[in-house]
Structures are given as structure tokens and as C-alpha cells.
Amino acid sequence: MTERVLHTFESRFLQIVDESGNADDESLMHSISDDLIKKAFESIVMARTFNGRALNLQREGRIGTYASLYGQEASQIGSALAIEKDDWVVPSFREMGVYLTLGYPIWLLLRYWAGDERGMKVPEGLNILPVCVPVGSQIPHATGVAWAMKLKGHNTAAVCYFGDGGSSRGDFHEALNMAGVFKLPAVFICQNNQWAISVPRKRQTAAETISQRAFSYGFDGIQVDGNDVFAVYKATRDALEKARRGEGPTLIECFTYRLDDHTTADDASRYRSAEEVEEWKKKEPLIRLRLLMEKRGLWTQGYEDDVTEKARVLVDEAIIKAEEYPPPEPRDIILYTNAEPTPRQLKELDRLGWTR
Amino acid sequence: MTERVLHTFESRFLQIVDESGNADDESLMHSISDDLIKKAFESIVMARTFNGRALNLQREGRIGTYASLYGQEASQIGSALAIEKDDWVVPSFREMGVYLTLGYPIWLLLRYWAGDERGMKVPEGLNILPVCVPVGSQIPHATGVAWAMKLKGHNTAAVCYFGDGGSSRGDFHEALNMAGVFKLPAVFICQNNQWAISVPRKRQTAAETISQRAFSYGFDGIQVDGNDVFAVYKATRDALEKARRGEGPTLIECFTYRLDDHTTADDASRYRSAEEVEEWKKKEPLIRLRLLMEKRGLWTQGYEDDVTEKARVLVDEAIIKAEEYPPPEPRDIILYTNAEPTPRQLKELDRLGWTR
Amino acid sequence: MDKMNMVQAINMALRQEMARDDDVVVLGEDVGRDGGVFRVTDGLIEEFGPDRVIDTPLSELGIVGSAVGMAVYGLRPVVEIQFMAFIYEAIEQVYSHATRMRTRSRGRFGCPIVIRTPYGLGIKGPELHSDSAEAIFCHMPGIKVVVPSTPYNAKGLLASAIRDPDPVVFMEPARLYRAIKTAVPEDEYSIDLGRAEVFQEGKDMTVIAWGSMLHAAVEAADGFDAEVIDLMTLKPFDEETILASVRKTGRVVIVHEATKYCGLGAEIAAFLAEEAIMHLNGPILRVTAPDGVVPMAMLEDLYMPTSKRIRKAYEEVMRY
Amino acid sequence: MDKMNMVQAINMALRQEMARDDDVVVLGEDVGRDGGVFRVTDGLIEEFGPDRVIDTPLSELGIVGSAVGMAVYGLRPVVEIQFMAFIYEAIEQVYSHATRMRTRSRGRFGCPIVIRTPYGLGIKGPELHSDSAEAIFCHMPGIKVVVPSTPYNAKGLLASAIRDPDPVVFMEPARLYRAIKTAVPEDEYSIDLGRAEVFQEGKDMTVIAWGSMLHAAVEAADGFDAEVIDLMTLKPFDEETILASVRKTGRVVIVHEATKYCGLGAEIAAFLAEEAIMHLNGPILRVTAPDGVVPMAMLEDLYMPTSKRIRKAYEEVMRY
């Protein structure tokens, strides 16, 4: 014998609705009801409305540094719509669209971005972890959550979000490898938005796609058009069903684009061209969704205005609620460190004059 | 559009000499001279002789815990023979065959395993890093060495060794990914010996091969018969040439087997069957090499006896030299911490009564 | 009541806690089939099955990170890290996640994980098999760090650690695993975290130690009227017990295996310099490893605080 | 001589060291095209090209681990970690490798890497953007830890750090990046590592601080005759300068942003409790963050040792 091929792998790409709003393969749309289409539209509008207001609030100094989701709505909402009540979500830091779609109170998100930990006191009944700042380090948590589900015999799954940058981290590797070995019910969603601050995807890795990394872990990966909310939805739903059937994890790469600066502290014009951004703006998720809906008689300007207005009102109310909320207590710095304060912590509270 | 294939990947396997000592494809043997064949044989005998004596010395309490290379000689020596003088080697902890083949003084290796850091004072002119104990953590060093070579315009490469267990670590991922992005002259050699202490390869990862992980990093990977010294040699030489041509890294998986316990502190009978070991013993590298050499008129019992005797003498001399070597100075604990001792360290030396 | 060594005592605690609470799972490298490289988890896989006694891939970061996720979901993972130095890859998971999950979620999520790991000198292992990195963990808010010094307290402290609602690093002195046997009741019991124990009473000086150094400190105390405190919980340490003793003796020696610079001895000394300086007769002495990297076997005994070095410190404080 | 801020001073030091020594390379996330998230490396890629000013993937472990390999081969890598908390994934590379390479190879290989990273409170960043983890690094044998407090010393200390044959963690107080300007000579100069500076002379007490806390300590000293020491090198710290001052004043206050438990303040206090207790009039006080996780923006100011809290400590030591 000499050299032989052991195995052949295919990296795959899924798109359902193209940039002109056409669904070439109507069969793929079968499972997608008009209600779902409208839900997707409305969720995207909500996410975008929230996002726009958050950017404004930051400019006005009413919240801190904020990471815009503009351009990534389809990736976030398409996947979030497939998640069921008892599934758990392990996000990164840019997934406000996911939080909102899962029903996270808007005012709490605003508290969080204003620098109040209480904004991430996730309400009971919602199974989403707090924002994770160290890029990629949340991925093993999803493996652990999925593992716990499996050990407890729960018929649920963990969904994890991270970016193209996050996929370079050791956490990614160890977490996905372990999820593969133990066939855990986990769905790993990489929002490849082409940039990690100033580092373009091509410099993040020499691999052509992130999704092909699944080969390294013995499970399936797929790249989807991350600006096509239904491709993302379908891939996520399929992966969740597979996970619940006990067939193990899936890696989904949403091929999308970060249209705004990395955060409000960033100036993307230092490292990428306006033309590139303009090209991608043409592909942003709402354009094609509107076209698709129009073809199906689901969209009118009046409808969109209505939806936008409703979102605006909700966000406005949330801003008021958030800003009226009393400031956090100094003692919380100490009292949430452990379940029970230590003697030294109690002495410290007294010395600092912070009420217990 | 719907789902489409983006790209097809093939995982490959290379064997030149099969278990019966036949080289099916003689063309692959063209570049392998009789001298090289003999060098391989002699190096394997040397490694095995050293290894056997080291195991004995451990049993006699003359050195500490030792990690046997038995079974992995072809992987270590096949690759080491392809390495050139100005290349750098970044080993794990089981690569005594590599050290020996590169000409590392035997007595120093024995000092090292007896617990003397001076054993890893790598002689000038030899470019091999000291043994690395935290599994996998040496892999980024190879990326760095290769990077430095590239930046300095040296036409050389870095060769890194690690195990199947090591390939599960974050270090592996980050190091290979970076090597891919910067197209560094690095050769990553995974000695997949089927076990990481008690954890079998199948539980280490759900991927069928380690070599297919190269797809994740945008470069080539190949699995080779790790008990076929020439397959390993060829794969390594090709990878080194590629690296020197500026065409980037390669991942080589040597499919081999650890025939002994993990280390002298381990009892492998707790977790694997004697039958499995016996099956693999039939495939150990020296058997097929002998057969191949016999067919080529390169082997006689007398030749082997000679080679073995020579190795024995060299190891015996080294043992004497190692054991006659004076013990390390206590002050070395402190004096090698920094290039210059700190004032506190100097005071400490005095307080401890250790001569400066 | 049988006498047993620390390996057996820890094994028993694990067994009893797993039997008591189905949410307790053990995971790590070689903890299942092999029973752990020190055999601490021996027999657990037979009793509780491979779902609860999990042999993992070689992935410290992944193990600890998964344990964080498990704990957040409601399990009580007990992680084994094979040797203390191998946890370094996972420090981010401990420092940025396990210890901050409660704060970050303002109490919605706790992170009750236990990280068990052998530490310390005395086994003549290869490089990086003898680190004592307690100080690094002690510096992290939101964590507990525990070190048993006898089989008896190993069992009781581990039971408490597993039941604790917050992350605990449970450091096992490798040197003591089989070196001493004590009576260990078969019945379940627990020893409160945060409490030190006066191991030996005395009037002339207070000696503070833990793990295998406790025994070295006691041995060196022969001929001195030393009060020797077994710290047991390194964070948060028992300020009351230490203060009470120091108020009585006026002299302090702290002994540990780690290097001095920013070691835990520094915190104890600084605490006393802040709270009890008026009770001190003289300097607070620390007997520690010298300021160098943990050596390999040949120099290991010299790196360790030896009885001789400890005695010298006792003699020195007695001069005041 | 132009006045400049710390960002400019560090940038100048990097530029001069890169010009002086071709082996110096800068690598990290966004250090090239973007000039670093704080613009510290601004313009370097234009001057030295992308081979020496390297935008890396998002891989802290890989960055530091590669730097170890580079250093062993003969380069002098200067790594930027975007915020101090993001180095935690790479601690193993620092603790098990960078700091041990010289020991392990008995001097054949050194590991001259510099890890620059902004640290500390005062910028109201997101979570984990304000950690002060100096104590963790100070505990490691074989490392140096340096913190500048002014643009002038930032330039001189960084030059020394880059020329040092051993690993140096160079912590830049993010809060001071643009807050103060001092005269910074255009000419190359260096400030020795291991030396502290008496920033302000005084007779009544010795105050030890570094980074942005130096300025808080000085501000709080208004009305006190305090000798304020800028530590600059946290490991190994300048024992002589501290001792000389404490012998004179008999009173000590240490101020730092990190939490108290096993913080660097503990080592300084313990050192004094060991070497200078007979010169002390009263307790050694530490003004630090409370024993809790670094909070987000809304509570950040309360976590920081404020002037008010520092003054309280001054008043307290003056009672002795």
C-alpha cells in the first residue's frame, strides 16, 4: 500500500432566501409558517430598534460602551426563534437580539449596559446565561450545560453563541471536542461577522470556513447564510432536533457581517473600507425579508410602520423604567461574592459604612 | 439556491513498508538509501536499548518516574532522521528517541530522569527544547520558534511533538491556527499511541483521525503508519521541505501504539487488555524493518548483535558518567531563576547557608 | 473504627456524597477506569457508573469550564486535576467565571464546583508535579481554598466543600496521601469551612501551617512550647483562632511550601500586622520555599521547609 | 522637551526599542492596523511593517505561548494583552514556561518577553476590563512585574523591561493613559527595574502605592507629612527604599486597587513585619478594594480606594 484516502468530508452551505427575497427551493419554506415569518420580521425590527436606541443612549452618556448587533439580526433572531422554552442559551456579548427574542426584559438589558450587574440577574424561567466578556470562554459552559441535561435525562439542548474571533480560542477547541466525545445535546453557533475588532476573518484563520472545524470533533458542521433568517432558523432547528434525539452536537457558522463599529469605543474606519460596508449593507437581512414577505402578501409599509412604532414604544417605556430604577447598593459588591458573607466581609461592610 | 457543497476534504493515510516488511510501491523507497535504512535500524536499536536500561534503572531506584517509548520508535526516529541541523525541535516528554537520534548526550538524559535539571541544559549546537511536562503546552512554542525563523529569514523549520491527548488541549488549537494564518515553517507531529494514560483515543475525540484537524487550520494533514519508520520519515521530510519553501505548516499523525505502561508509575493492566497489547506487539517497528532489510541483504543476526552491543556499551558508559556526576548545587535553585539574582535572593542564599 | 489513610478518607467522602446527592458527579482525567493516578477515585465508577464518574479528554480548561456549566445548570461537579500545576490552563475558568457567576448574575446562578487536586513537595515527581499555588487562588474573591492535613479532616472538609454553594479549591497534600493513618468514622460528618484548629496547644509562640507542613511544624516544635494551628481553610482563614493564639503567645511563625513572595503567609502576616501588632513581641517569621522555581527531585528536599529551617525560625522568634 | 501623556510615552519607548534592536517585535490583538484599542501602538506598523507589528488571531494563550517560542529562538517579543483579565487563559504559558525556561534548561534558554497590558479601575469599561491581578504574577518566581505611574517613568521602565533578559509583566494603569502629561525626553533613557522612587518626602508616615493609586495616595496626603513611595517595580520590589523610609517614619499605609487577600500589599506588610517590626509605631494599614468581585461601572468608584478611604487610613496610623 502507499497513500490512500481514509475519508472524504464536505463543507456545506445553506441558503433558503436569497438577497432578492427569493426562496428557490420552496420545499424548504414548507415548515415556515406565515406566523413565523411575521415573528421573524417583528423580532428583527425590535432588535434593530433597541440597538439604535442603545447606540443613541451611549452617545448621550446614558449607558456605557455598547456592542451593536446591526447586520447580524438574522443570525441572532433566526436561531433564537428555533430555541424552545427549556433549552438553555449561552451567549457571548453581542447577542441582544437573542435576549430580546427570548423575552428578556428590555429595561434589564439597558441596566446592564449602563453598568449595573442587576441587569444580568436573569429572570426565573428564562434560561440564558449572563453576557460573557472574555471572548470564547463561555463555550465550555455550553458543553457543561448540555452535559448536565444529558445526565439529568432532560430532553433539551444548550445553544452557544460566539464569534469568528472566539473560534480561535482554546475554549472553543476543548469545549467542542468534549461535546463530541460525549455526544452532548449542544448547538454551537458561530456568528462569523467577518471581523474581530480590526482583525479580518482571513487573518483569524487560514481555514476557508469555521464550520469545517466540526470535522475535528466528529460531528456535523454547516455554514449558513447568516443574513437569511430562515436558513439560520432551519439549521438551528434541525440541530436542536438532532440534539434532542441524542445524536450529538452541531456547529453552525452564520456567515454575516458586522455593519457597525465593533463597539461604541471603536472606529472601524481605521481598518476597513466604506465600500466593503456598503456592499454588505445591500445584503442586510431586513431587505430580503421584506421582499419575501411582499411576494407573499405579508408586508405593507403600514404593517412595518406599525411594528416599528410598537417596538419604539416598548423600548421607550423600558428606557424610562431603566432610568428610574434605583442605583445598586454598595453592599452588593460584597454580598454577592459568596452565598454567605465571610466574617472579614462583614467587618469590611461595617468599616466602609455600607449597610448590611 | 439551497444547500450546496463548498469544498471537499480528504483525510489521507500513508504507509510505505507494511507489517511483513514489504514496500509495495518501490518508487517510494527510491529516496531512501541503504545508509538511511541502516541508520534507522541502528537508531531504533539505540533508543530501545536506552529505554530498556532506563526502565531497569527506575526499578532499581536509580532514576525517577520514566516514560517509556517502547513501540513508538519508528515515529520518533523516522521523523528525527528527517530533521536537519538548523531545524529546531519542540518535544513533549516521551521523545527520548528523538533526543538520542539528534545526538543528545545519553548521560544528560539520564541525569534528567534522575531529577537533575542540568540534564536539560541542552548542549550548544543542539536545537531541541527541554522536556515539557504540561501536556500540549509546548505546541505554541513551536509556532513561536517557526515564527522567529520566518522573521529572521532563516531557511529552517520547527518540529513539534505531542500526543493524542495533547491534541485535545487549547494550546494545540491556538498554536496550529496561528501557524496556519502566518504560514509558518512548522511541522506538527502527533504521536497517536492510542492512549493518554487510561483514556483511549476514541474517548479523546470523536474525530476519526487527528490528522483531519489540519482542515481547521487551512493546511495539510496526513495520517501515517507510525510503526513504519520510512512512512514517518517521508512525511516529515516532505513537510520540512514544504515548510522551507514557505508553504506553511503540516500536521502529521503517526498512528502507533504505546506498548508499555504510561510511565513507571502507571499500571496499564487496570485499563487495557493484554490481548490488545499483544496484537500491537506484532506490528512493532523493528519486526518489519528487519524483514525489509533482510530482503535487501542489509540484515544479519551478526549485524544486529553488533549494533545492539555497541548501543549497550554506549548506554553503559553513559550510566557510569551520569552516576559519577556530582550532585547539583543547592544554590542553583535560586541562581537560575533570573539572569541576575535579586537582592532578596542573595540574602536568601546567605540565610540558607548555600554558597553563592 | 478503622484507621485509614488520606486517599481512603477522601474516597469515602466522595462515595458518601455521591450516594447522598445524585447531583454530585466526578470528572477528570483517569478518574474512572483507572481510579485516578493516586487511586483517590478508586471504585467509584463501579459504584456510580460512567455517567457520574467521568473519564474526560486531556482538557483542563474544558473540564473546569464544563463543570461551570454543569454547576450553573444544577449539578455539583467535583473535578479532579491530576496535579496542581495542570490547573493553570483553567485559571480563567476559575477566576473569570466560577468565582464571578454569582456576582455577575446577582444571585440567579451559583457555581458550586469543587476542584480537587494534589499539591506540594515530597513525592519526587517529574517537573511541575509539586507546585503549591494556593496563594493564586486565595487572591480571588468568591472562592474557598481548603487543605486537609489528616485523613480525618480530609473526609470532613471534603464533605463540606461538596455541599458548599460556592466554588472550592480542595488541595490534597500528595505527600500525605499514604503517609499517615488516623481513625476515620464510617458515618458521615462534616467539618465547617472557615475554621482552623489548634492542633497542639502552647504558650510561647503561634505556629501556623497546613497540609504536610503542619506535620513538619509539629515535629520541629519538639522542645518548644509552641501552639500549632492547622489552618485547614486557607480562604477565608479563621481570623479569630489565629488572633486568640497570637494574643496569648506574642510570637508568630508561618510555614508553607510555596515561595514567600505573595504567598499565603504574607496575607496572614499582614493581617496580624494590621490587627495584632500591639500583641507581637518581635518579627513575624515565614518559613517557606526559597525564591526559585520548584526544583526537580534531586533538589526537592532542600526546597522544602525542613525541620531544621523551621526550628531555626522558632529559635529566632524566641529571642524576642 | 514636549509634554506627553502615557500612551505617547509608551509608544515612543516601543518605537525607540524597535529601532534600536531588530529582534524586538510587537504582537497582539489589534496592535497593527488599528494601533491598539488604546492606540498605544499607533503608527508602529507603518514604521516597522506587519512582520514586526503583528495583528494576531484572538488567542491569548497562543500569543503568549508563541512569544515564549520566539524568545527562546532569540527574538524579544513584546506582547500586548488587550485588558489584564484576558491574560488569564495564558497564565500557564507564563507560569509554567516563560518563568521556568531558564531554570529548566539551566541557562541554555532565556525567555525575554514583555507582556504589556492595561489594568485597573477608572475607565468604566465593561465587566473584566478593570482587573488588577499583579499579585498573581508577583507570586511567580522568575518574573518581574512593573507598573509606571507617570509618562516619564513609563518610557524609561518599558525600555528596561524590553532589554531585560527575563519575562516582565508591564502593567499600564488604563486610567492614567491620558490623564496626566509630563515632560518626556525624546532621547532614549531607561529606569532600572527593582528601584522604587520617593515620590514625595515626608516624616510622619510611609505610603506605598503604584500606578493610578500613587496619585490618589498623594492627593489624600494633603495636610499630612507623608513620604509617598512610588513602587514602580512590584517584583522584585525595592526593599532598601521602603526600609529606609519606614525606619524614619515608623508608620505605614499601603494602597492598591486589587483586593486585600493575598494582594501585593500583603507581601509588603509581611516583609515589614519580618524586617522592621521594631521600627513600627502601630499597625500596617492596607487600603485596597473590598473583598468582592470587581464591579461594573455603576459601583466602580466605590470599589476603588478613594481619597476619603485613604485619608481615613492616614488618620488612623497617625493615632499611633
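So that you can tell them apart, the chains are marked A, B, C and D in the order they are listed, and the count of residues begins at 1 in each.
Following the convention adopted for this analysis, a residue touches a chain if its C-beta (ideal position, glycine included) is under 8 Å from a C-beta of that chain, and two chains touch if they have at least 3 such contacts.
All of these numbers come straight from a predicted model, not from anything done at the bench.
Trainee: Spell out the chains that contact chain A while also contacting chain C.
Mentor: B, D
Trainee: Could you state the distance in Å from the CA-based centre of chain B to that of chain C?
Mentor: 36
Trainee: Cα centroid separation between chain C and chain D, in whole Å?
Mentor: The mean C-alpha positions of chain C and chain D differ by 30 Å.
Trainee: Please tell me the distance, in whole Å, between the geometric centres of chain B and chain D computed from their C-alpha atoms.
Mentor: 40
Trainee: Using the average of all C-alpha atoms in each chain as its centre, how far is it in Å between chain A and chain B?
Mentor: Roughly 42 Å, centre to centre.
Trainee: Where does chain A touch two or more other chains at once, residue-wise?
Mentor: 117, 134, 137, 168-171, 174, 177, 181, 203-205, 332, 336-337, 342, 344
Trainee: Indicate the residues of chain C shared as contacts by at least two other chains.
Mentor: Touching at least two other chains: 56-57, 59, 61-62, 85, 88-89, 92, 96, 103-104, 127-128, 141-142, 236, 261, 291-293, 295.
Trainee: Could you classify the connectivity of these chains, where an edge means two chains touch, as line, ring, star, complete or other?
Mentor: The chain contacts form a complete graph, every chain touching every other.
Trainee: Hey, which residues of chain B end up touching chain A in the complex?
Mentor: Those residues of chain B that touch chain A are 1-16, 18, 24-25, 28, 168-174, 177, 180-181, 183, 203-209, 212-213, 215-219, 222-223, 248.
Trainee: Of all residues in chain A, which touch chain C in the complex?
Mentor: Contact set of chain A toward chain C: 88, 90, 117-118, 120-122, 124, 129-130, 134, 137, 139-149, 151-152, 158, 170-171, 174-175, 177-178, 181-182, 332, 336-340, 342-344.
Trainee: What residues on chain D touch chain C, complex-wise?
Mentor: Contacts found on chain D: 61, 85, 88-89, 91-92, 95-96, 99-100, 103-104, 127-128, 133, 135-136, 138-139, 141-142, 235-236, 258-275, 277-278, 280, 282-286, 291-293, 295.
Trainee: Mind pulling up the chain B residues that touch chain C in the complex?
Mentor: 64-65, 93, 114-117, 131, 133-137, 165-166, 168-171, 196-199, 203-205, 265-266, 270-271, 327-328, 330, 332-334, 336-337, 342, 344-345, 348, 352
Trainee: Which residues of chain C touch chain A in their complex?
Mentor: Residue list for chain C touching chain A: 25, 51-52, 54, 56-57, 59, 61-75, 77, 89, 92-93, 96-97, 101-110, 141-142, 144, 165-166, 194, 236, 239-240.
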